[in-house]
Amino acid sequence: MPILGPNQYGKAENRVVKITRNGATHHIRDLNVSVSLSGDMDEVHHRGSNAHVLPTDTTKNTVYAFAKEYGVESPEQFGIHLARHFVTSQEPIHRARVRVEEYAWERIEHAGQGAHSFVRKGQETRLAQVTYDGSSWEVVSGLKDLTVLNSTDSEFRGFVRDEYTTLPEAHDRVLATDVSARWRFNWTGDERQTPAWDASYAQVKDHLLRAFAETYSRSLQQTLYAMGTRIIDHRDEIDEVRFSLPNKHHFLVDLEPFGMENDTPDGAVYFAADRPYGLIEATVLRDGCEAKIPADLTNL
Amino acid sequence: MPILGPNQYGKAENRVVKITRNGATHHIRDLNVSVSLSGDMDEVHHRGSNAHVLPTDTTKNTVYAFAKEYGVESPEQFGIHLARHFVTSQEPIHRARVRVEEYAWERIEHAGQGAHSFVRKGQETRLAQVTYDGSSWEVVSGLKDLTVLNSTDSEFRGFVRDEYTTLPEAHDRVLATDVSARWRFNWTGDERQTPAWDASYAQVKDHLLRAFAETYSRSLQQTLYAMGTRIIDHRDEIDEVRFSLPNKHHFLVDLEPFGMENDTPDGAVYFAADRPYGLIEATVLRDGCEAKIPADLTNL
Amino acid sequence: MPILGPNQYGKAENRVVKITRNGATHHIRDLNVSVSLSGDMDEVHHRGSNAHVLPTDTTKNTVYAFAKEYGVESPEQFGIHLARHFVTSQEPIHRARVRVEEYAWERIEHAGQGAHSFVRKGQETRLAQVTYDGSSWEVVSGLKDLTVLNSTDSEFRGFVRDEYTTLPEAHDRVLATDVSARWRFNWTGDERQTPAWDASYAQVKDHLLRAFAETYSRSLQQTLYAMGTRIIDHRDEIDEVRFSLPNKHHFLVDLEPFGMENDTPDGAVYFAADRPYGLIEATVLRDGCEAKIPADLTNL
Amino acid sequence: MPILGPNQYGKAENRVVKITRNGATHHIRDLNVSVSLSGDMDEVHHRGSNAHVLPTDTTKNTVYAFAKEYGVESPEQFGIHLARHFVTSQEPIHRARVRVEEYAWERIEHAGQGAHSFVRKGQETRLAQVTYDGSSWEVVSGLKDLTVLNSTDSEFRGFVRDEYTTLPEAHDRVLATDVSARWRFNWTGDERQTPAWDASYAQVKDHLLRAFAETYSRSLQQTLYAMGTRIIDHRDEIDEVRFSLPNKHHFLVDLEPFGMENDTPDGAVYFAADRPYGLIEATVLRDGCEAKIPADLTNL
């Protein structure tokens, strides 16, 4: 008889918006929360017995109730409340994983009363994943869809050539990517103080951007590694960073048939291609630490 | 025999990135350009004769060549160069319509040399549509995907009730929408000075946001109208504005089964719904002007 | 003071699934329904008075109630029930437009009891738009995302060449497109028998496909016109067809650098490009009829 | 100093269409191919030296050249050709992973000459992933976006209730999901005959669908397990199957306020919800085998 392997279940993509009122000044946290539970679940797979199954509808209710009860201090802290609850309150649940996406808003400047008007920032999506097995915590934070571009200080030369290689060397190219990154905290236990999640996030994003901008790039791999080392070197709370960086190709358009030189010193016209794209993926680790973030970064 | 009705053709979604170098300071304009040509095109439809057909590949080449030759001063001005070219250089082409999407970038602050590092802003997409028939111009600009939210100062009461009405009145609700707007300029002819396109765009966006924030809303229609009148009243160069505003419902979650009151005075928890959504669409016109923007706003 | 121009409102994208049981044999209709109402709506825009506003929540309720009361005979017939209801039951509503998307399902063959298992077909999305102003009907049906490809019998030659033209002539190319089509019925009044909507749809789709396959194509415009005339010639109930056909370019890959000939007689390897794409749009009319379908086909 | 962890690179989403001509009868294979290479890549990350880097542009060229040279017998076989090539021809490359999406086409019936007209089937996307490390093979095939629905023979009862549980028991509900599945073959070495990839795929899809249809479901977990065991029991070439099944909720609409009973025996009206959704994920294994498919199924 076939065997049941690793499994989990829960309610995905609960869209929670929490408004906090401080007089006429309101604050907003806008989340997409997904819960995955695992544990003693053989019976429901084998025979459809739900005696160990807390309904996914209940996990959804809990998300909304906890947003009221505990508020949303940060995506990570909110995930910790939820993960702890499921593992400690349900005997058959041995592990909970909570994933959170957060969408940032900024205030609209205006002449009216109060401060309760917002426009969605629209830049990257912030990510957090909290996993708890009843004794130990793993928190991985991240971001996706942060699109960056250097219009110079990038080259690609000295590469291997085989019988299928036609690419000329590039001495001055556009380097652009949609940063998808995940970083793992070394906080694992309740006996230690939790990191300042929001401040940590802001710092990591800042380091990412600066490392991207300040690195003269001989390959996207080098830029990736510079971004990762910058984070590991500056943020003690983080032991591991993984990136998935599509190389968003910007091809210099050949304008010679029209009697024009499309040279970079003078500024240039590029075709921004969709597919295919180079895809560079790597993990950067604090020395002595183990890689735990999976090779494939998922959307949530 | 069936008759050929209105028709047009061209190359859609040409992704053009123009980098301008001013020493170590670079500037970027990032466009998606679509060209549609119409004119004396019966033969190609009836018999497949391409004797009047400038290839769509050529319209693509022209977009790139013009980005080099004329630069990209603004999406509108770039569209004007292109539309004029096709109508004046090709006898069978009687009308050209150029649509442009523009994606905004902002500079990355860093400690390195030069200013050639950018991060995509990621907020709204700017839109421009330029139409030329050889004698008269129509320019419609716009934006899409500008998501805004008021966490109070919105109600919905006093509405019609019929046998299918179950909605309770709302005295304090969240009002949120993704603004999609198009505005038509009254500039139509070469003898008049063109508007300052970039400055006009920035002003219109600002008016939109402020009108949204400053309006106490009894219905999304009222907010829409306030946004439109604000633009017409403040921007002499614009005669018509059309909006398509999805009412992005934020439902107050019922937490009573869990012994909690989810009251707005104290801050509240909302479920942000995807579908269905209310959809409010209307045109606001300068007195004496005619509505020309089509009822259905398209993506590009 | 600015003037209110054309406007409409309603609930969009109501996802309705209707299951009908005929003993152990079930039938499914899977719809996405959007309602837009217009009429005497100045007050809600000017002053936020909702005295004429039937809530969009009510239009949603009506959609679900009508699916139960009248069933879903066809998207068009369902739209007729709804549009008639809003215009005749609400004095301020002068016009109703109902748009319907339908997703097709097919039965799963199996050894079990009954016939209530389905797999989504996944091909094109069927569309219907019904508009009623209290006296006259307009029904436009359509489809989108029907992707077709001819691997030969397509060429592109004899076109105009200007200074920006570099395209070589093509004597044997792949022709592929995602068909988006809308067709207008000449049924306008209750005194006439309605068309057999489902049978008509199946016939039109069949004619489209056959005309695409049977036309030796000298340009995509010619193929478009052949598809339109085929429908007008064979379907008396239809007076107008409009197409929006992206030319999904399949470029023959240059394999010469690798010592290979990528010739079509022997079969060939193509790069299927995303953007840019040619975009061919045209209306085909029954002689003596007027073009009423808007130039820009919207998604819904 | 930070340490480089697991890493890979290559060209993603190469869109390859291969047409084979057998006289007037043409055949089409339509693929999206992504290559990821890993090996001795420290230098490019640490110092930007590309001396070990075969350009991603070359991996793209190789994909197209191999489509001509070897043809596309199946996605799996095509992946095997590519993976072997990179590992055996490039000393620094120690492992190659090739992912393939395939889109199915069916023939258009028509009265014309030849058989070279196709319409995209549009149902599920077929997936294959081939990994080679120079000595051993791993092939994981799969599919995504196969949407299925049972309109009865599903219930959900006897579940755990806690303080956040409000869900009533369901005795007759709609069960619908978008099947995303991956299955691992036990073929690992060149000395053994490869499976008949296309026939195997067709059989697995058929078993999936039948198991879904023939299972009276007390929970989606039970249905998942039935689908997995059916494959393991019938397909000797497969040792492991993993599913990710969103529970696409179809809520019975409350029509009582309108004086209607929305009862299932007579057929019923459902609201098809988007988010949130239950998400059920599990692996089913042949007894004695190890779970190797990652917990998170990625899109490609």
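Each chain gets a letter, A, B, C and D, in the order it is written, and its residues are counted from 1.
In the analysis below, a contact is a pair of C-beta atoms (placed from the backbone, for glycine too) under 8 Å apart; a residue touches a chain by one contact, two chains touch by 3 or more.
Just so it is clear, the structure is predicted and the values come from calculations on it, not from any experiment.
Equivalent interface to A-B within the set B-C, C-D or A-D: C-D (over half of contact pairs identical by residue number). Annotation: the subunit C:subunit D pair of sequence copies touches via predominantly the same residues, more than half of the used numbers being shared. A straight line joining the Cα centres of subunit B and subunit C is 24 Å long.
Subunit B and subunit D, compared by their mean Cα positions, are separated by 38 Å.
Rounded to whole angstrom units, the spacing between the C-alpha centres of subunit C and subunit D is 29. Within subunit C, contacts with two or more other chains are made by residues 14-15, 61, 65, 164, 166, 257-258, 274-275.
Chain contact summary for the complex, subunit D toward subunit A: residues 1-15, 34, 36, 41, 44-58, 60-62, 65, 89-90, 92, 156-162, 164-167, 217-219, 221-222, 224-225, 228-229, 232-233, 240, 242, 246-247, 275-287, 289, 291, 294-296, 298. Every residue of subunit D that touches subunit B in the complex is listed here, in rising order: 163-164, 166, 257-258, 274-275.
Taken in their complex, subunit A has these residues touching subunit B: 14-21, 26, 28, 30, 61, 64-65, 67-69, 105, 108-112, 114, 116-124, 145-153, 174, 209-210, 212-214, 250, 253, 255, 257-258, 260, 262, 264-274.
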